[in-house]
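Chain IDs A, B, C, D, E and F follow the sequence of writing; residue 1 opens each chain.
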Amino acid sequence: MKKINAIIRPEMLNDVKAALAEQGYFAMTVYEVKGRGSQKGICLQYRGKKIEVDMIPKMEIDMVVKDEDVRPIIDIIRRSARTGKFGDGRIFVSPVELVAAIRTDDEITE
Amino acid sequence: MALDTGDTAFILICTAMVMLMTPGVGLFYGGMVRNKNVISMIAMSFIAFAIVTIQWVTAGYSLAFGPDISGFIGSLEHFGLNGVGLDGEGIPDMLFMVFQLVFAGVTLAILTSGVAERIKLSSFIVLGVLWTTLVYDPLAHWAWGGGWASQLGALDFAGGTVVHISSGFGALALALVIGKRSGFGKFSMEAENVTLTLVGGALLWFGWFAFNSGSALAANGLAANAFVVTNISAASGALTWMLASWAKGKPSSLGMVSGAVAGLVAITPACGFVGPMAAIVIGGIAGVLCYRMLLFRVKKGLDESLDAWAIHGMGGLWGALATGIFATASIGGVNGLIYGNVHQFLIQALDAGVAISYAFVVTYILAKVIDKTMGLRVTETEEYVGLDISQHGESMNA
Amino acid sequence: MALDTGDTAFILICTAMVMLMTPGVGLFYGGMVRNKNVISMIAMSFIAFAIVTIQWVTAGYSLAFGPDISGFIGSLEHFGLNGVGLDGEGIPDMLFMVFQLVFAGVTLAILTSGVAERIKLSSFIVLGVLWTTLVYDPLAHWAWGGGWASQLGALDFAGGTVVHISSGFGALALALVIGKRSGFGKFSMEAENVTLTLVGGALLWFGWFAFNSGSALAANGLAANAFVVTNISAASGALTWMLASWAKGKPSSLGMVSGAVAGLVAITPACGFVGPMAAIVIGGIAGVLCYRMLLFRVKKGLDESLDAWAIHGMGGLWGALATGIFATASIGGVNGLIYGNVHQFLIQALDAGVAISYAFVVTYILAKVIDKTMGLRVTETEEYVGLDISQHGESMNA
Amino acid sequence: MALDTGDTAFILICTAMVMLMTPGVGLFYGGMVRNKNVISMIAMSFIAFAIVTIQWVTAGYSLAFGPDISGFIGSLEHFGLNGVGLDGEGIPDMLFMVFQLVFAGVTLAILTSGVAERIKLSSFIVLGVLWTTLVYDPLAHWAWGGGWASQLGALDFAGGTVVHISSGFGALALALVIGKRSGFGKFSMEAENVTLTLVGGALLWFGWFAFNSGSALAANGLAANAFVVTNISAASGALTWMLASWAKGKPSSLGMVSGAVAGLVAITPACGFVGPMAAIVIGGIAGVLCYRMLLFRVKKGLDESLDAWAIHGMGGLWGALATGIFATASIGGVNGLIYGNVHQFLIQALDAGVAISYAFVVTYILAKVIDKTMGLRVTETEEYVGLDISQHGESMNA
Amino acid sequence: MKKINAIIRPEMLNDVKAALAEQGYFAMTVYEVKGRGSQKGICLQYRGKKIEVDMIPKMEIDMVVKDEDVRPIIDIIRRSARTGKFGDGRIFVSPVELVAAIRTDDEITE
Amino acid sequence: MKKINAIIRPEMLNDVKAALAEQGYFAMTVYEVKGRGSQKGICLQYRGKKIEVDMIPKMEIDMVVKDEDVRPIIDIIRRSARTGKFGDGRIFVSPVELVAAIRTDDEITE
């Protein structure tokens, strides 16, 4: 199992959710975060001075999925969250060793 | 007639209550925008009030209520409140002046609906001064300052035309000039703080009692009538909008409170002329009508963002006509259509039509001029970051 | 006596202020529920006010204040405000009507305490119309409309029995019928937005001045007395509740503001009959008593969720009795127990007892009937998701 | 002269409106502190009001308005409101008493600026009772109760000295005794809820109309003048502070609303003596001056946390002097400096100077004594956790 | 070391915290999230129509613990957070390579 | 690639951000959390009774970085977030297998 952490523009969440659901990927956890990428955030011009707004609101989506689903999910998120402008976000994939349900005693390891 | 302490007490307090409507509009609107623009929205209501205050006590009051020039505008005889004294008939002249001031203030605050989440603060200030001078002041003069509309006998008890048609259709013109919010139609821009909007709605309902019954300028039976029909129309509008939207889905509290405002708008010109049972009808129709106008606006892809046009503009138009329909001589001395007075109805329609055209056209030109010169709108990046940060350097939970 | 502009001005403004108490109750309650129900809680206060407005101007006012029928109810002579005019003694009859309307509105809003976070919106609307008609209107008639209680000489200056006992014990009956919130007692349901509750509390305190001193129906010394004792009792209640809870742990601001409301409730029936020093005692006892009643309610595992019973019901009962104890002829023309008038005390007790029984029983039956027919409560899933989403399709920070 | 219903109506409502300023201060301040202290900040305003209420109706009113003793203090003749009746000249004596009460209440609330986010609740209560008794009551007596300042002819229409200088310089003394918030200067302590501050600001502006025009104690032309100049000065202050801060960066809404408060403070002593055009100047200078004082305070590393000193203290000082400069006999019967009356200006300066010294010194001593005995400040851990949890056991979104 | 991410019903947080503390497990970080599981969220019936509320508030608990503590902690969370109804939540376990204190220079690697 | 999760005092965020930026580390995602460490939170004395405030607001910083940057970043965070008192926070490092941009098709594995 893998965990996908996707950090996207908050306004794209509905599109991303819909695109994922279309392909049968429902389970996810989301929360509001703020962040800056390597561009150091957003630069406002103000009378010659530059003002950096360095923490831009983003939405983080966490999904724990089977290994073979990682690739299609990344593609779906990219397609549905992309605007082409700086700040579109980033996807991280990391290993998960065990998934346990709380309601039942189901467990999945690797 | 000398000063009357009761009337003076009444209008003093009413003025304060109407003043509270201006931040009330700010809160009402502030809850409907995205959180990154909530401070901007509320701040603009305060700023609107501040600049109108200075405009009004210098030139504005005189333009609206100075000696009539050709039915169109007042002269500058009362420039700087020259000759506005502390005594008067019933209430001090100075008090009448400030009671009118707070109306001008709230009108400009309503106008911010059309440019929400995207106007440049500096441009808003310039726009505000000019709009009040070129749109509001003439309309106030026509209706209440001895201008052509009052000479003609048009009825506008508390400002359906002056306040609501002007700001509603003005907001529409602004929205057309400034363009849609970026992303409008692409992703949801739902109200992010409904509680704040409800608080604003409560202050509006509260202040509206003063707005309408205070327009009697005396603490008398007419004021009581205005008070009662105001409340009835608000309640009726709240319920019909709620029910109409219930038929399509869940009845939102935003719809309910918007219906109340629609009812309040529609009864505004009528409240000194119609009785309680007519108020149920006027408010009830306003709730449904403004709801449909909002749906229509959304369907047309128009980003008149917070629906000043649907609610104030169209609600004000309905109110102007409704005054001509339901007026009864037993209350305000004039009969309307249902008592056979077609004439009054036509005057109302004419008055509203002229006001709509004037407000829309002048606002449109004004906005275009400002847009071409100093620019009306923030940059795309500033809009993305939000006006709170980009215009005020502040944010909620900084 | 003709109209008096001072009295009219006073009651016009008081009416607006009392109206503001209704959303005030909504905010006060809204801050005490879980965030998923805050919109529902505030919206219900608006809706309560809207439906009572229409009910009152059609049948309600006449039932309460129409010509007496056997001491129990008013006739429908004033149906549709028939015969309610714009002149009157001191204040216009129409103004008296609307001043009474806003009392009826806020009473229904208080009642929502007993069904918070779990009532179906449609059922609340039906319940609201019926409750106002079958419980509030008769009680108002008994006390102020010439019914048996007033004939007997029971004292209720501003509505301790009519408003607070009725809604407090009504809320208790509702809570028993609708049942506990799911999870009640199992996990914490603490106030999630104390600030909102404090804002609501501020509006309540503010409006209560109008509620109580406006009940003098004139701007005179009696109104001033009511104003002063209202404020004293609120302050005293705030302090004693705070101190009493301090003895057990940290003094919460919720306790402090609840104590203020307890003090306000208790002085409501008494404010036209007692003096400032009695008010310190009445409010002080109310703070401690209502705090203990709240603890008792919690200990009994009763989910009368926002404590209308403990504060309004029991505070109202104490106020009714306190009026019979502390009344002094020098203020309101009647002496109470401490001046040797046992009779008045007994009348007060009887009046309160009948009101308690009537409100409780009729509310209980009403709730049962609605529960059996249309169902009072949302489904478990809807409750879990929250009423904001399930009843209004909205949520905070959507 | 007997009671006048118009005047009585006016002052009844004004009293309620001024009362609303006290939680208004709480909200205004609450939005400026870190979220972990917002409940504490608002709760202190309520508690301030409650303790002042009890203090005032027992000893306070008599100390301020009882028969003069050597120009310094009133006697205890009216202890427990003894001899304060329900009739009077124009308005009931009892109403005058409670109108003065609400002024005392809001003054103590303003004082909390200096100890925000770090004072022990129990110590605040003790401090509050003593401060009102030892600082506020004498100052009120000097200006309005027949004390030396009024004998001398010092002008303070609505409390620039009594309310604002006293609380502003008192807050400064408190801040010096209690010390800086831990982390002050090291990390940012920016306003976390600007919306709340704007709501508080709206209530303050609203209530201030009653504060100032109600101080005419009658619904007359003088009240209208006070109302108008109050509004103008607020608007002017809002705009100049905004513009002054714009020159340095983004114009924050906090600056704008602080400027409005600065304008309101400065016009407070002057509003019964100056005209509209002077009000533009008085408010405009107040906006810039108080902004500079705030910057000065920050530069000095002084943690008078919410700027009561910069805004109320220095704004009040400017107002006292401005009264001596701009007063015109045509409005309040006295001329100021610009009409050649140097004498009045000197009286104003003397009065303000004595008030500043007295308020600062007595507050300083009082704070020291409490600090040495019961301790003024919470522990470092309690401060870190926040006063909401450590003093009230509550938190937002618990 | 392992990181345990448990997503639970918000109203169960106090019970879970208490159950963990009883067994000596104190250290944790929590935050509010929203999520949907494979059930696609919660379905409301509304006049025949189904309305899906797809993002339900949850509480996420993150605990970094020694390998041998993973099993007992999962059991405690399951026991204390279970209601038996859909939406009880899920537990994920993933590897952590290094734990560093900030106050001191302590570090633990695997 | 590694993911660094740092849980710090909220009031230190600006210092930490600045210290990281100075060394060229911009990219990060932050969000508000609450937590308790092994000290069980903070203890208030109240008339002899102890009251435990067990969930103290913290700020979590997530950074996905190259392996060789882990050490310097930990040092910077320690230096800039340390007060020396209980509650300073903790840093966790865990493996990340893939980093994908959303705006472009860039991907980095290991």
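In the analysis below, a residue touches a chain if its C-beta (ideal position, glycine included) is under 8 Å from a C-beta of that chain, and two chains touch if they have at least 3 such contacts.
Quick caveat, the model's predicted, so the values are computed rather than measured.
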Target chain C, source chain B, minimum contact steps: 1
Mutual neighbours - chains that touch chain C and chain F alike: D, E
Reaching chain E from chain D through chains that touch each other, fewest steps: 2
Self-contact between copies chain A and chain E, residue sets same or different by half: different
Distance between chain centroids, defined by C-alpha means - chain B, chain E (Å): 51
Inter-chain centre distance, chain C versus chain E - centres from mean C-alpha coordinates, in Å: 43
Geometric centre distance via CA averages, chain F-chain A, whole Å: 19
Centre distance in Å when chain C and chain D are each reduced to the mean of their C-alpha atoms: 33
Numbers and ranges of chain E residues touching at least 2 other chains: 31, 94-95
Touching two or more other chains - residue numbers and ranges from chain B: 4-7, 9-10, 13, 17, 188, 199, 249-250, 390, 393
In the complex, chain C residues that touch chain B: 3-10, 12-13, 15-17, 19-20, 23-24, 26-27, 30, 38-40, 42-43, 46-47, 49-51, 53-54, 57, 80-81, 85-88, 91-92, 94-95, 97-98, 101, 121, 196, 199, 388, 390-398
Touching residues on chain E, where the partner in the complex is chain C: 11-12, 14-15, 42-45, 51, 53, 56-57
Interface residues, chain C side, partner chain D - complex: 4-7, 9-10, 13-14, 17, 35, 188, 190-195, 198-199, 201-202, 205-206, 209-210, 213, 218-225, 227-228, 231-232, 234-236, 238-239, 242, 249-254, 256-257, 260, 275-277, 280, 331
Complex contact set, residues of chain F against chain E: 2, 6-8, 31-41, 54-55, 58, 60, 70, 74, 77-78, 81-95
Touch list for chain B against partner chain A, complex: 36, 183, 187-188, 379, 381-382, 384-385, 389-390, 393
